[in-house]
Amino acid sequence: MTFLELDDVSVTYRIAAGEVPAVRGVSLSLDAGAALGVAGESGSGKSTLAMALLRLLPRGARLGGRILLDGEDVLAMKWGRLRAVRWAEASIVFQGAQHGLNPVRRIGDQIAEPLLVHGLARPEAARGRVAELLEQVGLPTWRARSYPHELSGGQRQRVMIAMALACSPRLIIADEPTTALDVMVQAQVLTLIKQLVAENGISLIMISHDLSVLADVCDQLAVMYAGRLVEHGPAGEVFHEARHPYSQALAAAFPTVGDPASRLAPRGLGGDPPDPMRLPSGCSFHPRCPVAREECPTLDVELWPAGAGRRAACVHVREQSPAATKGETS
Amino acid sequence: MTTPLESAEPAVAQAAGSSGSTGEDRPAGRGTLRYVASKAGGAVLSIAMVIVGTFFVFRLLPGDPVRNLAQGRRMTPEQLDLERRRLGLDKPMLEQFFDFVGQTLRFDLGTSYEYKRPVLDLIGERIGATLLLTGTGLVIAVSLGIWQGTRAGWRHGSRFDRVSTGVSLLLWSVPTFWLGLLLMMTFGVGIGPIPGILPFRGIESVDAPDGFGYLLDVAAHMALPCLTLVAVVYAQYLLVMRSSLLEEVSQDYVNVARAKGLRDDEVRRRHAVPNALLPTVTLVFMRIGFIVGGAVTVEYIFTWPGLGQLFYEAIKVPDFTLMQGTFMLITMSVIIMNTLADVVYHVLDPRVRSA
Amino acid sequence: MTETQASAEPVTADGRSTLLEARDLHVEFAARGRRARAVDGVNLAVGPGEIVALVGESGCGKTTLARTLLGLERPTSGSVRYGGTELSYRSRALKAYRREVQLVLQDPMGSLNPRQTVYEAVAEGPRIHGLPDEREIVASALARAGLRPPERFFLRYPHELSGGQRQRVVIAGALALDPKVLIADEPVASLDASVRGEILALLLRLRDDLGLSALVVTHDLGLAWNIADRVAVMYLGRIVESGPVEQVLTAPRHPYTQALLSVLPESPERVVLTGEPPDPTRIPGGCRFHARCQVLASGRAAEAGVDGRCRSEPLAVLPAVPAAQAACHYAQVAEADA
Amino acid sequence: QEPGAGKKVLRVGATQAVDSMNPFLAVRIVSTQVHRWMYGFLTVPDSKTLQPSPDLAESWTASDDGLTWTFKIRQTNWSDGKPVTAEDAAWTFNKIMTDDAAKTANGPAVENFESVTANGQDLVIKLKAPQASMLDNPIPIMPKHAWEGVTDLANFDGDKYPSVSSGPYIATEHKKDQYIKLKANPSYWRGAPKIDELQVIFYDNPQAAIAGLKKGDIDLIGRLNPPEFEAMKGDPNIEQWDTQGRRAAYLQINHGATTTDNKPVGDGHPALKDVKVRQALHHAIDKQKLVDEVWGGLARPADGSIVPPMFKDFFWEATGDTKVTHDVAKANQILDDAGYKKGSDGVRTMPDGKRKLEFRFTIHTDTPIEDKLAEYLAGFFKEIGITLTTVKLDSSKFSDETGVAATFDIAISGWSVNPDPEEILATHLCSRRPTPAGEGGGTESFYCDPTFEKLYQEQLKELDRTKRAGIIKQMLERLYTDAPVIAIYYPNNLEGYRKDRVTAITPIPEEKGLLYGGSSYWPFYTVDVAASSTGGSGGTDGGGSNTGLIAGVVGGVVVLGLAAFLLTRRRRSAADDRE
Amino acid sequence: MTSVAWARRRLAAGRFWESFRRERAGLTGLVILLAAVAAALVAPLFIDESVTSVVSGTGAKFAPPSLDEPFGTDESGRSILLMVWWGSRTSLLIGFLAALVSIVIGMVVGIAAGHLRGWAGAVLMRITDWFLVLPSLVTAMVLAAILGGSTFTIIMAIGVTTWPATARLIRAQTLSVEARPYIERSRALGGGHWHITTRHVLPNVAPLLLASTTLEVASAIVTESTLAFLGVSSNKTSWGTMLRASYDYGAATQGAWWYILVPGLCILAVVMAFTLCGRALEAVLNPQLRRAGA
């Protein structure tokens, strides 16, 4: 059953220097209780996409396409309805937890706030729920009285997760929940997320630039490049045998310790990430693509089927799958 | 106006930066006490510097202080001698210094030559009027500034923002005395069709009624001076509030608050504004000295019987003991206010509290 | 410190030559009235042409150690030796030392003055040291760092470069002084995954082409696997395990290293350490890891009969030898048994 | 209800606040003025002739040697009902003679007193030396019974109300820096004044005061400068009161300053020692132009010396040959003859060719009129080959440099003259020069001239007013011709009052005399005002504006409320559709 | 390498200008400012000191604005236009010099306090804080009253009372610059105190300093006029002394509005211009600074 459906979503920021097409025609769907990982390098539009889901983009950003949350079009919602949906239906764990908490308010209050705002609990009940949530994320209940700066980065990230869980949403969007965290803490947080999602049947969209992490947590993987989806499919498959050269490079960037192939042989991708305001023509990836061909700079790439439940936006893929020639996408 | 407008960065920014402490809740009380003690120590040091500084600056005066005091009025040599002895000028410098310090510590600010009365008494008689004027002015300026600053910052770039920033900058650029004169001419005396309905002299009518009428009377007298003071000082509160709100708005937690489903005005009221208020509140205290400066001018123009007027008179006469006394008192109270600002900030901002 | 020592390559006790060495290094800070023992007894040696990775979790003292090695921080006790001579902290000597040992920081954007062009950023070192032929040096340094043709980059400002290019500029700035040792503090942590490999490859190439030694500070074991010859695992101010990468990372002996490896996404079984990250102001007695040690917690240590020692008997500081070694009572006993 | 309804109230503006209500301490003019209204003196200047006339002293006699004066004190009561006796006067004088604090205001006035004794209503004052100005004593007689309890006079503010007075008014209220209220003294010996209440209202600055007069917040104001006086022009309700004043403005010239031991002091220009140069300067000054340009015509060019024409008895004016006219040619002639040759740059040098005639002109800071004067003088002197540069000093430095250190060449000066000119003449005595130790004695221009000294001693002993006036005129002539000071003009006394309020007021002297500026209570005793209608006298300052204010406040509140209402409404409706 | 340096500088200036041009208010301010400064500079080519001389006042007294006298005349028949023109020299001079004094002290103390660790920095900070709380107008009045109100003392009084704000600002900026990794890198390259403060700290605080100077000039002009109005300054003709004179000569009560309005509006315009310019500079430069730190 499809819970979330994105249809040709695009986001354009308008800034003084011109327009920034941050997300370009992304179509995706997510089943209830499933976990989707979105990967891509910095600036590829991951966070923008996440924010777009709840229309949290700053003024000056233009949002196009269709976002169906449980069949309801988010873009068409009235503000009142949208506010009701926010957090109660779908909550976000933001990138950079240290900034996501109001520095001068107690943690308990901040966790309880959505409960009160959405009228889900009265103040006393909310306190109980806060304690429950803190326990759930593995923090002592007395932490509710602490201020954010009294917590470590990992603890703060846990608070953010507790906050996201507060209204028992059906979808959690986690935007790089573990970047900037230490390996050990990162493992703790990931384990926590995995466990919570599994226990509560919550859908999860997790964003990261580390494919291996996503492959570990998610069922599905989507790889973005320059605002576009370049590959989408079951997590393990995409990670281990990526079809798009960019996905391949991403997957290879983090070596497996013990794998002799990567010993003393770091692999990476040449060239620089594209400037969204001056995107290369054709396949945006062609200037860095190790297997680029002559037609790439002019070719309109789209997501072509690349095996069972997989899609990839590379001309090599199209050639290998005859079905794609008919131009069928999703 | 003395400082670049928006530089209201209290020392807190840095303190707040060094977060990430993981320790258990340390007894906050002790930390606060220690903090207050260190701030108080700093203030005491500052006040000591004021006392020492004042002594020496006022010894820089050219000529014989006693003759300066006499201002050319004829005094018999005995009178001069007496005066000199009374002021302790016959003693060696070092002894004078210790006397001065001792007296100041005993709140003895000397005797005004012009008024022949203890400076402290003179100040006591006038401080009420100044507190009334600056207090009211401050309250109005701060509320107006914060209110407008909040609106302007929240709707950054809107017409309200442009207009209110523009107007406040304009008023900020106006010399206080000039604005005071214009207001006095316009609303006090009346120009053309505008009748001069507001009094422009003093704090009350000579035959002020009692009770509520008296309050009204004082309010009427306060209207023009207060307006002048407010007009010139509120800009800084507006601008600081505006820029610190802008700063807060770009913080992630504001976005989180939105994502939580809070209404726009709830986000503003509950999150952005309280946080943005912190630097503004500190600024209110920090710029007390600025208000005092404004008060001198305003009191002069509107014959407001306050400290500023006393100080101005001391300068004009010149009555050096009075000048010295009022200067020390003004400076010390500003120092104390600043210390209070630090402490208030400390109490308000949990980040600093446990840092 | 004089010029002569640069050429001298002294030999340590075990007959292997070392270039840069830390001997029983201790660095303490005063933190909120307490003493934070950020580096608490470290022996570490970097040989010529060797890449050593220093890994450990946040706050364990990696950066402090690196900074102390560069002379940016003074040790409380112990010494830093370069080419066999103890580092002197007089400013002339430090300046000379800094031609030999260079630093690459984590954040390439921050390590470049936004008001300086690439040319100026790279030329800064040669200017400080008054080297002639500045332009040539700059050009060749940029070229060696993989920015070709160098002239194209001279007038660029940092914000006009991508993250990878910036890091190359930083490396070029270090190379401009022809150093013998590069100390890199998390050189790729803030870079994009795709660019990471390129920078690491550059480091490897520099070692091969110029014989540069490097100490790479990281919390990423994959990075160590990618480029390092040797790895040293640091916990709470001390090195708890060190040795050749293959050995340490495939057959870790210290429970801490084991835990670190286990949390990598690919690893089959996960040991997630509980408890707060370590606090250098409160270093536990006995084995400093015992409070979080999974071996101790699971009772295996008790089985081996070392739990008492784990809790009370401090471990000796590991010497600066290339061979694999671990500071763990359990490991020592287990090995002895084996 | 208005408390002021039907009362006759006169409101006088003052641009200076009272320094002290204790007459032993008060020195500001506004304070001495108020004290004149509150307390009786031995004598008061006659309203017509300005000659001393009886006040608290009904009559007096002087011994032949002029050393013993007996005053008969009037049988009248203090405002608290106690009788006024000679004992009060004796206590007052003795207090000043014996108590250092009491000397503050009027110490010099009893300097010459040997002893003061009371005998019933008779007051006997024995002098150390004859003193013709004895009848112009500036000391108010204080009620002994009310004041003798004051132990620490130096710190006593005199702020006890109602005051115990013997003058036409009793002080009833004093708000510091704000106003003083005085009510008519019903038991005043001349009879109670016509008005009920006299208010002195302070303004920090003259402009505000004028605005207040125009608006009707005050009824009368004195001691104006020309600009403020001009500002009243054209207002149909205001009477501009422009009369001869008490002041003389003159230049003091450093003609070789010496200390009391006749040692030179200071750094005055040597050329000024030459009386020819001083006279040439005098000739070069176009006094009429100064009056016109600097004073806007509101002064009288000085053809006399330091006593202004208002004091007819003592005023002396040069005529005929002695008169120094504005004559540039003559001035140049004098200088040429005396050997001061013009250089190529048009500036003269000393006969020995060493120093140029370049003088400093010392004035006060922050006095626009003096600034202007300086510019004109520089222009005049340039025409006779003398350069004048301006030095501005604040008042304390000014009195130091021009009164003690003598580090000036020419300085501005001026003096308000009392009905008896003795003190102003005394400022030119040898004894007033500073002591070698640098104690200032209150000299003007460091004058020390045997002729002048001799005449001064003579006038002291001369009790016949006409004869004494003759001597004094000789002294003035001496000052005029010897030119240690050069009088330039006598500024008019500028005052104004509201015609619609003040119905009658007698100046002093009665014929075109002073109002507020006179040293007498006379105008304020005789003044009558229109009775306030519905509390107009309560001060439009408050009463009139209250209605306006209330209207304003109500209006403001309504507008604000409306705005707030609209705003919140808009917010409500928009809240849902905003982000 | 001068060509490279030059090209770089031109480039930087060009970019700066590009962004500054977008600040409309700042640009307006700049235009007014340049006009005022230019007018003040060329004034001696057209008029001289004598326009302020009462002796040479030719017009009628208090003549309202007319074709002959566009801004009317004052109490001595002097042309307000010419006086304002000439007076701008004093006002601007005092503004600039006082700002210079303030900025130089503020910069040196600020950088030193930020750069030096240990007690030296602490002592400097303490002194700065002390001066900072002194109510500046009040202190300036006392200084002017005691030392006499010559141009020099006025400049000093303003400069000495306003530098701490600059010092604080610069210190904060210095601290944030010093916390950047490139300082560490520079140190690792072997750079000493002098190298770091002049090559890295100074260039990075300079823009802020420029903005702050602009605001400082504005405030100095206002302070000067206030001191003049309160009568503690014995300056030559400046806008402040003109206003004082207009007040002394009862321009307000005599309806000579032009005498009050013209100098006042001049102050207003110039101060506003400086303020707008300074704010625009800050707005343009600060994001750059901030971006550098982010």
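Each chain carries a letter (A, B, C, D and E) given by its place in the written order, and its residues are counted from 1.
The working rule: a contact is a pair of C-beta atoms (placed from the backbone, for glycine too) under 8 Å apart; a residue touches a chain by one contact, two chains touch by 3 or more.
All values derive from a computational prediction rather than experimental measurement.
Interface comparison, D-E versus B-E: the higher number of contacting C-beta pairs is recorded for B-E. Most remote chain with respect to subunit A, judged by CA-atom centres, is D. The distance from the centre of subunit A to the centre of subunit E, with each centre set as the mean of the Cα atoms, comes to 51 Å. Subunit B and subunit E have Cα centroids lying 23 Å from one another. For this pair, subunit C with subunit D, the centres built from the Cα atoms lie 88 Å apart.
Put simply, the C-alpha centre of subunit A and that of subunit C have 33 angstrom between them.
Among all residues of subunit E, those that touch two or more other chains are 145, 231-232, 247, 252-253. Residues of subunit C in contact with two or more other chains: 276-277. Multi-chain contact residues of subunit B (touching two or more other chains): 22-23, 61, 184-185, 189, 258, 263, 300, 312, 318. Listed in rising order, the residues of subunit C touching subunit A in the complex are 57-58, 162-165, 192-201, 204, 219-222, 225-227, 245-246, 249-250, 259-261, 263-266, 270, 272-274, 276-277. Listed in rising order, the residues of subunit E touching subunit C in the complex are 1, 4, 7-8, 11-12, 180-182, 184-192, 195, 199-200, 203-204, 288-289, 291-293. On the subunit A side of its complex with subunit C, the touching residues are 41-42, 152-154, 182-188, 191, 209-213, 215-216, 246, 249-250, 252-259, 262-270, 272-273. Contacts from subunit B toward subunit D in the complex involve residues 61-64, 67-68, 70-77, 79-80, 82, 111, 114-118, 125-126, 184-185, 188-190, 195-209, 213, 216-217, 219-221, 223, 258, 263-265, 299-303, 305, 309-310, 312-313, 317-318. Only residues 67, 70, 72, 91, 94-95, 98-99, 102-103, 105-107, 110-115, 117, 119-120, 123-125, 128-129, 134-135, 154-155, 159, 170, 173, 177 of subunit C touch subunit E when the two sit together in their complex.
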